[in-house]
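Down below are the structures I want you to see.
Shared between the two complexes below is chain A, which pairs with chain B and chain C, respectively.
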Partner chain A sequence: MMEELLAKLSDCIEFGKINKVSPYPPNMKDMDGADEITKQLLDGGMSADDILQKGLVIGMEKVGVKFRENKVFVPQVLMSAKAMDAAMAHLKPIFAESSSSRKGTFIIGTVEGDLHDIGKNLVAMMVEGNGYEVIDLGVDVKAEKFIEAADAHPGAVLALSALLTTTMENMKQITKAIKEHNSAIQICIGGAPITQEFCDQIGADSYNPDPQGVVEFLNAKSA
Partner chain B sequence: MGIKKFTYKLGELNVDPDAICNLMGYGEDCPPEIKQIVLDELDGLRDAIGIEAGFLFRNVEMFEDNFLIKIGEHNYEVGKAVFKLLRNSSSVAVFICTAGEQISHRSKELMAKGELLEGYVVDLIGNEVVERAMDKLHIEVNGIAKDLGCKVTNRYSPGYCDWHVKEQHQLFSYFPNDFCGVSLNKSALMTPVKSLSGFIGIGEDVKYFDYTCHLCQSANCLYSNRKPAKANVNASS
Partner chain C sequence: MHHLKIHSVGEIRTVGFETGTSLLEILRSNGVQVMAACGGNGTCGKCKVKVKDVGMVTSCLYFPGHDEEVFLPRSLESKVLTDQHDYTLSIELEPGDLIEKSEHPVGVAIDVGTTSIAMYFIDLNNGHTLGIAGTMNSQGQYGADVISRINYCSHKPDKLKDLQAAVLNDIRSLIQKECESHKRKLTDIVKVSVAANTTMLHMLLGEDPTAIALAPFTPKFIDAKILPASKLELGLNPAAKVHVLPSISAYVGADVVAGLAAIDPPESIKNYLFVDIGTNGEMAIVTPDKIWTCATAAGPAFEGANISCGMGAYAGAISSFSKDDVVTINDEKAIGICGSGLLEAVAYLLDNEIVSMEGNLEEDFVLVDANKSGTGDAVALTPKDIREVQLAKSAISCGIIALTEKAGLSYDEVDALFVAGGFGNYMNIESAIRIGLLPQEMKGKVIQIGNTAGAGAVLDVCSEKFAKRLNEVVKKSEHFDLADDPNFAMNFAMGMYFS
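Coming up: the complex of A and B.
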């Protein structure tokens, strides 16, 4: 019974079914969504950790892979993220009070001089949906703010986003400042103009062209 | 000729909901729920203010050896691809166009409320609005060019192919501060974000192409799915 519910929860995340009244997707109309099923699993005695890792993360991973393969588009990912939020609303208070641990901490921001945030938000949602604590520093983030956040969360991975060729230069300077402050801090970079070659040039640790790639980098580190 | 400036209403721009679905990646298979969000948000923005555009003409000298376009003291290193597309221009219409702050604000407001899909849709509406406003401006430029016995090219912007986005700083210097409500930060990012600036080439022997996406190598461009011939500058406004 619980296994069946977990599989249903995973489907809700994969297909973006938020709650019972949510009309999307049409083929799941009037069915329980991530909101109700998460509550049923908790009421049935399942731990928040198990719900996250065996239900939510599985669904989110499927979305990430489909997005990478162009089988779904941004709207479906956003609906999945919203379903994830509905489930996490039940789990977050438990994580805050118990010793349940997330897979790690991920600090993300769009670099100084750049105000674009949709790509950054997509990565943040996907990473959170895969079981990490995400700290979103927002847009137009200076090196000092990244460093301050990294110091406050030892072991966290930093992620820098940029959409403009001009702000790639800022990304380079911020990466340099972070590495000079503490060379052990791991830095992921991404954004439309970014390439692996640029990542190698500036001494960042990981470049990924899609959110699932970031998840895979984090999973490899935390394994 | 001095600066010409225009203000548009969203309703007169013929923004096509299907084009916005297309920007999201959908063809005719856009789920009706998502199409409805597009229609609802377009309806909510029908009285949006701040959709403005303007242009001025400047004579140019073109130097093929280094793909350089000179306007007075300013050098524009537009790169090989853009240079070829602007080839034979004797002047350019330098333009700035914006979808306005209201659309960007609505997108951010929705995102902040957790209405992620709706916020994303409005963000794309901003892209489409600024392109359709540019279509109107393009038609104006074409009309003036015709009167001068000239033709026009497509429109090209810093950031396109190898034309560095930082050259927007000298492009903006031809206009008053905050022209059309658009400002430029140190990184050459325009605010409101849904804004465009660039050149339309003008000359007796320039070419307008129905489709130029094949010339660009960007792997992440929203418009790469788009079908050819989105604008006809010869249409009447």
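Coming up: the complex of A and C.
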């Protein structure tokens, strides 16, 4: 019974079914969504950790892979992220109380001078859906703010997003400032104009063209 | 020191270079123009040239290590939109006192576009158009879009000089050619009016545009300017003046202001949308007492960048596509696809359910077979190309939705949608509506109005009074930033679906 519900939850994440009233996706109309099923699982006594690891993470990983393979695109991923938000709304209060086992902390922001956040938000939601605690610093984020956040969460991985060729320069400066402050801090970068060469050139630790890549980077680290 | 042999149209020459310099840099430093859409970032793939024994290489990522030979693509003439539209304002000739400085006074109206430059040569004795000329903006070698170009010169005065020189040279040679073909002297030119986007105006005047590209996007100037033509060293009449038309914001420039001021619709059109379907997707909604403007940053997909076989509207580009009819520009063998062809091809793929409503394409779709193309490779659309179209079309359609909402109107109450600019003029409206670039609800109300920026510049050359109209547009306008619209992200994502 619980197994079946978990599988359904994973489907809700994969296909972006937020809750019962949500009309999306059309072929799941009137069915329970991530919101209801998460609640049922909690009421049935399942731990928040299990719901996250055995339900949400499974669904989110499928989305990540399909997105990488270009089988789904931004709108589907966004709906999946919304479904995940609905589930996390039940789980987050529990995580906040217990010193529960999230896999690690991930701090993300769009660099100074840049206000593009759609891609960054997708990355943030995918990483969260894969079992990490995510701290989103928003857009137009200066080096000091990244450093402050990193100091407050030792061991956290930092992620920088830039969508403008002009703000790539800021990404470089920010990476430099963070590394000078503490060279042990791991930095991931991404965004449409970013390339692996650029990553090597500015001394960041990981570049990924898509969110699934960064999830795999994090998983490899925490394994 | 190694040597590079350069083959370009009917010309071969050899230049020296040091290792460690990219092929793009070598060519550029020797005055050879290569289109570099992303400004040498290695992400657009448009700077390809053929290297002997190696094949096509991305020149900004290719670092020759020994003597080599390179073959350049044929350079291409740009088309200029010439027709003036019925809905363009007509105005009495009142060019000002300067006409006394020459017996045959000439005014020059210039629309400096990011991609191409259009020039109108006007006889100021009678207001007649003597000639119209156009050329590619040779700043293109430093990047296709304004951001790449700003990046090239940001905080680097000498690089800014390169950009300024490039556009001034383009203007000088156009003026020279026109003078020759119409038997006028450079000193007959007494007045110049320039419409352009905010970045182009900064580069034209040699002002640092850096701040335009970074939040909070503050240009150095947006006001109208009148300066002595001698400042730009154009070699015109010593008394000649250059009028720089006013802009509204970093991304809504004098080209849009000139366009809005040039349109004079009939009584029956009270509320209307004005859309320039280009890289920056500037648009406005005009109501009797207010104008709202925004820029949607659609990206250059409809100009051919980021599309695997994409290219500008030049000879050999597929400009129209249906199952049994593929039309290319100048009827040459297909070498790529331009924006208007792209629209029709995607509409075709949707109608035939080869692309799903979600935008999925299973495998590359061949438009023209390898044995019939002009390159020896098939001209095809890839699944990723469709994604690029989805991003661009959704950005434009979301801008239109946001503006209409901001004005508190429904589509019923919007009487017309004017599409301006080169691509807008050549595109098939039905296809544009089919793929959701333009709203279904505006069917039958879309009007292709041509180069309104050029029309505005012409009006400004012809009449001193037009400046007042330009100022009224600026005063009536309020810009809003889509980044501040909390619904934008969701609308943008959902707008990527086809229906």
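Quick note on the criterion: the second predicted complex is superposed on the first by the 223 of 223 C-alpha atoms of A that agree within 3 Å, B and C clash if a C-alpha of one lies under 4 Å from a C-alpha of the other, contacts with A are read in each partner's own complex, and residues count from 1 in each chain.
We take it that a contact is a pair of C-beta atoms (placed from the backbone, for glycine too) under 8 Å apart; a residue touches a chain by one contact, two chains touch by 3 or more.
Computed from a prediction, not measured in an experiment: that's the story for all the values here.
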Problem - Fit or clash between chain C and chain B when superposed on chain A - result: clash
Exercise for the section: Kindly classify A:P26 by the partners it touches after superposition: chain B alone (first), chain C alone (second), both, or neither? Expected result: first
Handout entry: Touched partner set for A:I118, first chain B, second chain C, both or neither
Key = both
Exercise for the section: Using the superposition on chain A described above, determine whether A:T167 touches chain B (first), chain C (second), both, or neither. Expected result: both
Practice task
Could you tell me if A:E197 is touching chain B, chain C, both of them or neither one (first, second, both, neither)?
Solution key: second
Practice task
Based on the superposed arrangement, let me know which partner A:F73 touches: chain B (first), chain C (second), both, or neither?
Solution key: both
Problem - Set of chain A residues, in rising order, touched by both chain B and chain C - result: 70, 73-75, 78, 112-115, 117-118, 121, 164-167, 170, 192
Exercise for the section: Mind listing the chain A positions that touch chain C in their complex? Expected result: 70-76, 78, 112-115, 117-118, 121, 139-140, 164-170, 192-193, 195, 197
Problem - Interfacial residue positions of chain C with respect to chain A in the complex - result: 38-39, 41-43, 143, 147-148, 150-151, 154, 210, 213-215, 358-360, 383-384, 387, 390-391, 483, 489-490, 492-494, 496-497
Handout entry: Residue ranges of chain A in contact with chain B within the complex
Key = 23-26, 70, 73-75, 78-79, 81-82, 85, 112-118, 121, 125, 164-167, 170, 192, 209
Exercise for the section: Could you please specify the touching residues of chain B with respect to chain A in the complex? Expected result: 24-26, 31-34, 111, 114, 116-117, 120-121, 123, 159, 164-166, 185-189, 191, 193, 218-220
